[in-house]
């Protein structure tokens, strides 16, 4: 069928985003909704190679230091003002460095950012940083209207409540606790686009309710964790729905058991290896995540640049685990307990809770007794970031490039108390630090790959964390809609080319 | 009711004192928890550096000493301002006001259904006491009383939405249907049926049991004998004499529970994705959105107090012995 | 006062109450012997996940991780009863002490205690319980504490009422005129006489506490180290459509237990309150 | 249903000989005049587990027009059950009429349809209950409650009904009937409520009025008015009145005929003069002998030594109904009270309900603190003493309470109850228990009673236990607050005798509080009359009763029912021979 204008799409959003100003908040739901309102300079395909967005073309100098972007010329903000390089400069030099921690780190690498004309922007780096090209996706560097924010208190700007972007959809109405209504941007710079007239994001707090809503056709799309893994198999059978796990290549999360190296006997890599051997990650994937995901071989997600496919993942081996513990001198006591550890599952839903329960039982088999601790999100963040834990579960996004999303977990200069998603384990290996630092500024792809391969081998032997799965998120989309998941950004895309099949 | 004004004034003073105590108590309680909203936002953003968290703290006023925060908070509440949710970037009152109608609609409907249904069923059971209809009502009431409310909700969804497809299962209205006027009302009512029934069922059971017990108590009283001695019809004795007296304790309990329905609706709002205050409260707990949480506590306490005052007023209407004021 | 045989006769006249007692006895036996009946930990993944009831080796089926539902119910009985009993005990301790003081001393003491009680009654109690558990992180202790904290005010009011009316009863005045101390009067004279209604409401409160715990678990605020019925329903509600048995059986266990406790409460009420017992039912 | 009201124009007293004759041979009544009610072999059975199988057994009597039939008998004898059966008001379903018939003007009420019975109820047969406080619906205006009756049984329109309500209220002697009809019951006094009940009963001009102890809950003065009201209305309308009471004074005052019941059986029936003055059945004789006699001829008390207790200018004001931000009503319960009690003296405190008798008694034992004044015990002021300082005096001053059912802790054994006081004062538990047994014997119970619980005793026995408890402390002063008001007359006599006996034996002083002047006359050396918190007259019994000085005292004495009737001397002699605890049944 040919794309035709018209139609309304209902998408689940859960939890409800706190706000839609993407520069100020980058929670998952915010990205999914605001990704239709705001835009970045680039977007990325499934291989994570850049695609044009607000920038229609770009060049990188051979020394890897100068990035020049050409902007589309007829782009307008939702309030009718033209989008120019002034807005890019404002966003990348003032707004984002002030409020967006990832962008702050990326643009801090620039020696200068300049705009030779209204539609050209030039980034000059202090030293080579090949990952820089992957820092321009809508959530990493959303473009913010300078005319509304220049010279204001960004966080308390009244415009935050009425986001103005350049995207194909505009915010019409937000009934808190109920739905967010986006309407077609009639002045979108690509003629004829978007196709859809309306997008409703519906807040449905209960997981079972979400599955039913999808099934009954009340909503057309779910993403990320909206559908609990056990519902996935059933929903896959529903005739009216398409199922995919694509579109998450950019975030590419890897989950793991985060281990506090400051606590004995967790500081001993034999102990961590024993844990690795004690658990059956296939079981975890199949029975807890219901087949969603792949066993992670090491720190890199296989879709992240620099992944080394030659690494063999650990396999369950209770004898090896016991041998390692014996070697450490941890003998079972009368009850068969060699050591007791506290596990605080991530409070992000029931699946993680189930995982905690599974781990408790598995580790019991090798003589490690586990006490489960429970927290809520706030308590969890506080305790993990302040190193007040023994073992927890966690996952992070890799943002396409090891320099953007992997190294932060393992390098020792990122051991920062009070900061979440840093090296909260307290793992420190000079070799690893060195390899990550060198690889980040290596322009030669082959050399870079070699360094990344080596760092992966070192890490897999050190087991700073016990990797679990390369996580996959299920996306269900009603078969009525086409062109939905097209890039590595997936559901956070602008949906400019999504269209409704004529019945 | 000449005494109404001083009565209300007295109650107001008392209410203010209680509310003040509640504000302080809640504030301290909530702040006793580990973690703060800045932490949560940092956690949910997926990446955060120290500057980010610091900025948030400063913006939320979390870097000030606790007693100062308390003073500030009490001060603003005294001015009728429930504060600002930085997390949600909106004034707390706006957030609550958005959700309040849905919750009120749910809880008040459930309340009315429960009260009317409960009193009717209880009366029916009491006047047929010892017969099968009494036993049936008693058993059903007991079951409703003993079943977890969320379980009832899930079962109803399974039956009426999934299997039979008669009623919508989630939300407040059909989103984007563009309905207006009566159609919209009908749509909302259809959405209301299951949650109201779920929430109301439990309370209906409570009131039915209370009414029954109360009638059995009252029907042995002397004045009922007097009414019989007058040669009145049984129906007149039941409705004109017994029920009116028997209903007093039900009113008292209902008055207390009416105010507490907001709390009870958390579960129902979760199961039915009802965009109400209970759900807002639960989310606020998890997100440590202090300002919102305190606001909800405040509003629901006010509800309880209002309900109590209303109960007392109703009581004086029904029972001439209680005088509003001297 | 009734003799104990009279008590049992009055109690046994209520058939529902006998039924309730029977069920609760079964639950208690289940709780006591859960370790013998199901020696494996209820968390143990003993079988394939999602086995329906009556399949081999799993009488009531297995859950999403292949844990035995029957084992969970047996072990969960322990937790549910424990939470119910302990939190009721704590609530009784707080409520009856405060109520007794308020009712016995009256005046300023009464006023202060009742205002304090009112404060707790003004905050919607389920919200308060949720907040308390969330804040102090879910564990059996925090759950018990939260349930007790939201449950004591009615008991305090009840005890106060009883003490208030008993305080002016002549046998209490006689105790005062014979020079007995306040403590003796409270504990020896008044308390035993106020016990009947308190026992009745306590038995009902156990039921309410079990329900409350299950509701907290439903919201994911249960103790992660303890198998409880509330947890089982809460964990299984999401798969209710694929696997009805996972939430059905523990739900049924809650329902039956709560129902039985209510029936027992009614039976006790009939037996301890002879005026009501005579009434037709 | 049964046609028009048939008036019997003969004057009340004139019909007496006729009925007197009929009582001898009931069958002859039918020929002379048709009885209104003819009860034949009425048997009412009680449910299993009750104290006896039948509430009423094989009861036969008639009620004629234009007469007052008094039904007497002790508590539980089946008086109320008879009345309720007549009205069709037996507590369904467990109490049932299982035998006999009840004819109203010749029609058997028990075989009538429910509709017919309803028309009878409140229309032809009306009833007044004992407890005026609870017999009216608290939530309905009294006028409406009366009107309801009219609505059911007459075809009057609204205005006519309203007029009739006012007329009825006027008839029963209520002030401001128009306003009063719009009042709620709680605003009326007990006497007023009982008048409303009577108005309600009279609303449809019934043929039969059944009054179940209508004055028992009222003060003597009020009782007098109500009795007069009932008698005048009865005479005016020639009704048949069945008047249930246990008070022989009341019987002597109003009865034409008397029926005596015991344990559900009718033991004697006959004209009032005959039953009162020449009772034949031993039970009737026993009852009459127990009636407290108006003036006992006792020796004057001679005061000796210093006053044991002296109350000086005691004042007590209660604030009722006050609250937060509200001022309540003030009730004066003690107004400048002065009173002395000498060793060995019994001072009687009499007066009507609410006059402040208990307040004074309780102030003396330290259960209540007056606002001002002094209470000197052996010269030491008890007021203003702290709890701890008061404690030594507890041994000297003890109290006996009114309600034998409420004054003993139901959860403690009798022995414990008696010994708790001494134990609290440091006595050895075993010794105290031994002493308790001795005391039980002293008050006429078996020592083994110590091992039983209070509920295993009758009212009279419990009151003995209460007395033993007070005595266990070896008091010198006993405050007895209406110690016999809750007891049946025969038991009352026994307890009074016991008190009198003990006080002589132990040389106790006593403050005896009662509202029954006849009782006071029997035991007190000195009488103090109280009214609205004030002692209006105080003096030796003989002079207060024989030559009352204060107007109010005279009113009180005047209100005592049945003064004209003297208990037959032979029965008084019999009474002297009664031993404590003995009972002819």
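Worth pointing out:
Note that the chains take the letters A, B, C and D in the order they are written out, and that residue 1 is the start of every chain.
The rule is short, and it goes like this: contacts are C-beta pairs under 8 Å (C-beta built on N, C-alpha and C of every residue); 3 or more make two chains touch, one makes a residue touch a chain.
Given the structure is predicted, the values throughout are model-derived calculations rather than measurements.
The interface with the largest number of contacting C-beta pairs joins chains A-B. Look at where the CA atoms of chain A average out and do the same for chain B: the two points lie 39 Å apart. The geometric centre of chain A is 45 Å away from that of chain C, both derived from CA atoms. Centres computed as Cα averages put chain C at a distance of 47 Å from chain D.
Once the centre of each chain is set as its mean CA position, chain A and chain D turn out to be 88 Å apart. Each of residues 33-34, 154, 162, 220, 270, 285-286 in chain B touches at least two other chains.
Counting partners per residue, chain C has 134, 137, 237, 240-241, 280 as the residues that reach two or more other chains. Residues of chain D in contact with two or more other chains: none. Pairs of chains in mutual contact: A-B, A-C, B-C, B-D, C-D.
Those residues of chain D whose C-beta lies close enough to touch chain C in the complex are 93-94, 362, 365-367, 391, 394-395, 397-399, 401-403, 406-412, 417, 420-421, 424-425, 453, 455, 466, 469, 472-473.
Residues 18, 21-22, 25-26, 29-30, 32-34, 129-130, 134, 142-143, 145-151, 154, 158, 162, 216-217, 220, 256, 259-260, 262-264, 266-267, 270, 278, 281-282, 285-286, 293, 296-297, 300-301, 304-305 of chain B are the ones that touch chain C when the two sit in their complex.
Put simply, chain C touches chain D in their complex at residues 1, 169-171, 173-181, 184, 188-189, 192-193, 278, 280. Against chain A, in their complex, chain B makes its touches with residues 33-37, 39-53, 55, 59, 86-90, 95, 98-99, 102, 154, 157, 161-162, 168-172, 175-176, 269-273, 275-276, 279-280, 283, 285-288. Those residues of chain A that touch chain B in the shared complex are 8, 10, 15-16, 18-19, 21, 25-28, 99, 101-102, 104-105, 155-156, 160-161, 175-179, 181, 198, 200, 202-206, 208-209, 212-213, 216, 218, 347, 375-383, 385, 396-397, 408, 416, 418-422.
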